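Structures incoming, each one as structure tokens.
Across the two complexes that follow, subunit A remains constant while its partner is subunit B and subsequently subunit C.
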Partner chain A sequence: MIDATLLVQMLLGALLGLSVYLPLTCGQLSLATPGFYAIGGTLAALLSTRVPALAGAAGSGYPLSSLLLEMLLAALLCAVLANGIGALVLRLRGIYLTIATIALVEILRVVSLNLEITGGAVGIFAIPQPFAEPWGYALWALLLLVLVCWGCQRLAATRPGLAMAAIRDDEIAAASSGIAIEGWKRLAFVLSALVAGVTGVVAAHFLNAWNPRLGNFDASITTLAFVVFGGSRTWIGPVAGGLALTALPELLRPVGDLRLIVFGLVILLGPALFPQGVVTPPLLAAVGRRLPAPLRRWLGLGPAGESLPGASAP
Partner chain B sequence: MSGQAQVQAQATAPLLAIEALSCRFGGLVAVDRVDLQVREGEIFGLLGPNGAGKTTLFNLISGLTRPTAGSVRWKGTAITGAPSHRVAALGMARTFQNLRLFSSLSCLDNVRVGLHRHSRQPKLQALLGSRAFQRRERELRDQAMALLVSVGIASLAERPSEALSYGQRRRLEIARALACRPELLLLDEPAAGMNPGEKQELSGLIRRLRREHRLTVLIIEHHVPLMMELCDRLAVLNFGRRIALGSPAEVRRDPAVIEAYLGSAGQPPEAGAPP
Partner chain C sequence: MDTALQILINGLSTGAVYGLFALGYTLVFSVLGVINFAHGAVFTLGAYLTYLLLGGAVGANGLLAGLQLPFTLPFWAALPLAGLLTALVSLLVEATAFRPLRRRRAEPLLYLITSLGAGVILVNLLQILLGAEGYSLPTTALGSLPITLAIGGAQVRSVQLVLLLVAALVLLVLSLWLEGSRGGKALQAVSEDPTTARLLGIDSDAMIRLAFAVSGFLAGIAGGLVGLSLSISGPYFGISYGLKALGVLVLGGLGSVPGAVLAGLIVGLAEALVPAEWSGFRDAIAYAFLFAVLLLRPQGLLGRPQSTKV
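On to the complex of A and B.
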């Protein structure tokens, strides 16, 4: 059912879901994820096909150190770009911010479609492979996903997470409580771009080719669906949504053309039946009670451990 | 001004001084050249009919709205037009007339947001969740808990703030404001929606909090008897202008105040005010 190739796609989907989730933690709906994903992908495609120094010894595969270097460069580039762009677009609120990020994705797509260096509509082919088997990519993507999940969990469990939740609930009250809301919004936007960019690097090598269609408006909506379906209150939601919604169309192949109808129904009924997404805090608390304490703590489910002094004796 | 003179001026300056502060929205002058000085340690009341510009004045002080003219000075330093989070950092915290709680957070976490500026931890320790980090987190929870105790809603700590009654929400907002460790607490109609018993308790609570937290309090309230009893000094606004200033007894006798409340000379506001 789920082979290694599909598994890689699912893991990359989960990573993109997390990229959409991060700005949402402070209430900012940004659809810029595919834009930064495309920047990462294009950067990887260009570097690995045009810089001989990265290719390593002849005969062996593309070196992992080069892949790692590309990921670092993509993270850096996306973070710097997002910091600058964020300073401008995050002045917008609500739907206007969303529209601006859609415009950003569109600008990037049109630019890469018309540049010589990115190969125009054809794109870039024969991106070298660091792994001979899809399982290699699956493992690599899994490591990356675990790392990003860990980061999201720490973010939620510490001061930034509380500040971002406060901004999401009420910006004015958050600012009056001493929270510099612009800075935190910008941080979330930068982290989102960074995750998308790094994911793009892995995707480019995995797909073996890169073209501007990979970062278009459709991708914005698909990645948004991951979060809408999975839920945006914890990082587990977008991961679940990304895994499930990437796998679903493939798993439904046996039912033929009916699969499009079933997929459409899931997208429609998901938000209708689970307005907060499938993964909600009450659900997590219920699951958390059945898990051993260390795992529960790591996942950030339910009470953090010892009860509060005074809370038990009012 | 020389350095020494400036230090001296700051030592003698009132905690908060507002000079000729104005705010207009298009053709409407919401606040019209208002002067006020709030001295350290006092409970200063702002009275006035609906639409007199009291909340706008609060918004001008706390950085939510930029004044069109005039100045705000904090301990002698001009802070006119400073953004909200900077005003909070200087030592002013506020509550809101229409309650602005963080609805998805528990009561305890609402207060912990107020502790934001005091809860910074070394980044690496926070990332790894070290023992030192967890110890400090417990301290912060204890501090937040203590504030919930001091406003009397400790038993509700883990409840979502949405589950609270109106009076409890007002108390929670005060606890959150206190978590910022302010020197000046701005309360915007803290008794609105409370029953007479709760109003009576509120006045005791504000006095006790002033003592325990060494606060200066600037308070907006409609309930005239409460204000007369609670405040050291009062200012009365009408149509954006300050029409009276002084002790409760002075303000009560002021003909301009009586006219603002009753239309013409008549009974003092205490008797004529709506309950």
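On to the complex of A and C.
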């Protein structure tokens, strides 16, 4: 059954799914989510094991204020880096962001494998624990997920989200309508990096150890599968995909070896068979009709017939 | 101590193989305008097939443990045969990852996703069937050639010379074919404008399949050559080459055939110049070039600038 440890992994998966989803809202595929996740994780591992001032009073657990500080620093670092890369590659249309993000993940992997401070291939061990029980992490990750979902919901319902949806549907038409396409794309990429970095901090403490393998190209595939499976038309899709696809291999232990083949099949066949993922706008509308009005409004599920921002067919 | 000539030959031979490999991306990119992310996996498959055709046995960890072909081919026959088989697999990738989306006129972004999926499946099938261990191609593959040759006072591994010669030969044949034959010209016409090409009586779908077959052949050959020179370190070894070749591709200019070759040689030479104490960072060189070219000359060395059509 689902225990607290699996629940934490599922929640972290949902957060990473949202990180892949954000650039897709304006039609950009970023495979850098594991890279920023690794930056957050490495930063947390380094700070919490090497800076005595963060460790708090002896005998008590790792203080939550230090965890928050790490998350803040990781968010800042990832945002600055993503802004720089975005400024460089988002002048160009098409697939340049995808290629540059692949390169970033590889550079980070090579560097962290070769630096002494990050422990090389072995990684960093004995990362202090702010929570004694997995349930503490589950609650913390859930709070973070709700916060990010709320942010995504506000984004989709307001001007930035509408601009991003317009860019996704037709970049040139959006530019001709006076939408600053480069700026919005960069914002989406920066937000994606920020979410991944903060998730990495929580993951590093939860896993108790960090090594460069956690941010490799396989992780790019896994997180991409979350979004393709769940659908990228609303933020509910990647959350559902992240939760379901993280739980699936754990619940079906026998297919352990086949995990990546299953994910490969999802992203090979998904776009042709289920172009909108499992969570489609009609499904959301059907669910929305059964929910109480305030909750429906909060989730952005308008009454039947009214489509969601960015929910028009491709 | 390496002499300048040694570094030059090592760099050029590695670079020529990068060029071959990046050319496979270029061919598909020029007809479809998308990148085939399964290319690295096809490269890996080429290396494994060359190993098997040379009479190598499967190790103990895969489902096919102990499998060995009943015959042993010489390298000169095994390499092209492996290339032909990978061309077939590349056609299969086209049929599963590209054709269904092309029928639906889906957005180009989705091709990236589906071809990544095809690559992941290929690599993991290799891992399950053949195991995760590394393989070395037999040193007897090159027949009576000595391990090293003395050229102008430098000791050069003869494998490197074979790499350079084979790559040069394939590049020569490919460019003659592209420039001089009906098929090559038709391919160029489709890459210029698929709709006009179809109006002129060129079967665009057939040309797309042709591009995938040739690209798969090039990837298979490149895989076999790298396998011969460096050994196969496991089913994932092609992924890092595949990603590195993306850097080569952008450096040369997306869609430019001479650009891919030139950029391959540049990256190969730059890697050969990395001193031994920094060798851990050698794999990052292609990406450093990538970011530099995006900053300074986004269309690549020999590419055409991006135009905005309204």
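The rule we apply is simple: the second predicted complex is superposed on the first by the 276 of 314 C-alpha atoms of A that agree within 3 Å, B and C clash if a C-alpha of one lies under 4 Å from a C-alpha of the other, contacts with A are read in each partner's own complex, and residues count from 1 in each chain.
By definition in this document, a residue touches a chain if its C-beta (ideal position, glycine included) is under 8 Å from a C-beta of that chain, and two chains touch if they have at least 3 such contacts.
These numbers were taken from a predicted model, which means no experiment stands behind them.
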item: Partner chain(s) touched by A:264 [first = subunit B, second = subunit C, both, neither]; value: second
item: Touching partner for A:145 - first (subunit B), second (subunit C), both, neither; value: neither
item: Which of subunit B and subunit C A:244 touches, first, second, both or neither; value: neither
item: In the superposition, subunit B vs subunit C on subunit A residues touched; value: C
item: Contacts of A:224 with subunit B and subunit C, given as first, second, both or neither; value: second
item: Which superposed partner A:92 touches (first subunit B, second subunit C, both, neither); value: second
item: First (subunit B), second (subunit C), both or neither touched by A:275; value: second
item: First, second, both or neither for A:39, with subunit B first and subunit C second; value: neither
item: A:154 touches, of subunit B and subunit C: first, second, both or neither?; value: first
item: First (subunit B), second (subunit C), both or neither touched by A:172; value: both
item: Subunit B and subunit C footprints on subunit A, overlapping residues; value: 172, 176, 314
item: Residue numbers on subunit B that touch subunit A, as the complex places them; value: 62-64, 83-85, 87-89, 93-94, 96, 100-105, 108-109, 112-114, 116-117, 119-121, 126-127, 129, 141-142, 145, 149, 154-155, 157-158, 176-177, 179-180
item: Interface residues, subunit A side, partner subunit C - complex; value: 24, 27, 29, 88-89, 91-96, 98-100, 102-104, 106-107, 110-111, 113-114, 172, 176, 217, 221, 224, 228, 257-258, 260-261, 263-272, 275, 314
item: Complex interface listing, subunit C residues touching subunit A; value: 34-35, 96-97, 100-101, 104, 106-110, 112-114, 116-121, 124-125, 128, 239-240, 243-244, 246-247, 250, 280-281, 283-284, 286-288, 290-291, 294-295, 298, 306, 308-310
item: Touching residues on subunit A, where the partner in the complex is subunit B; value: 154, 157-159, 162-163, 165-166, 168-170, 172-181, 233, 308-311, 314
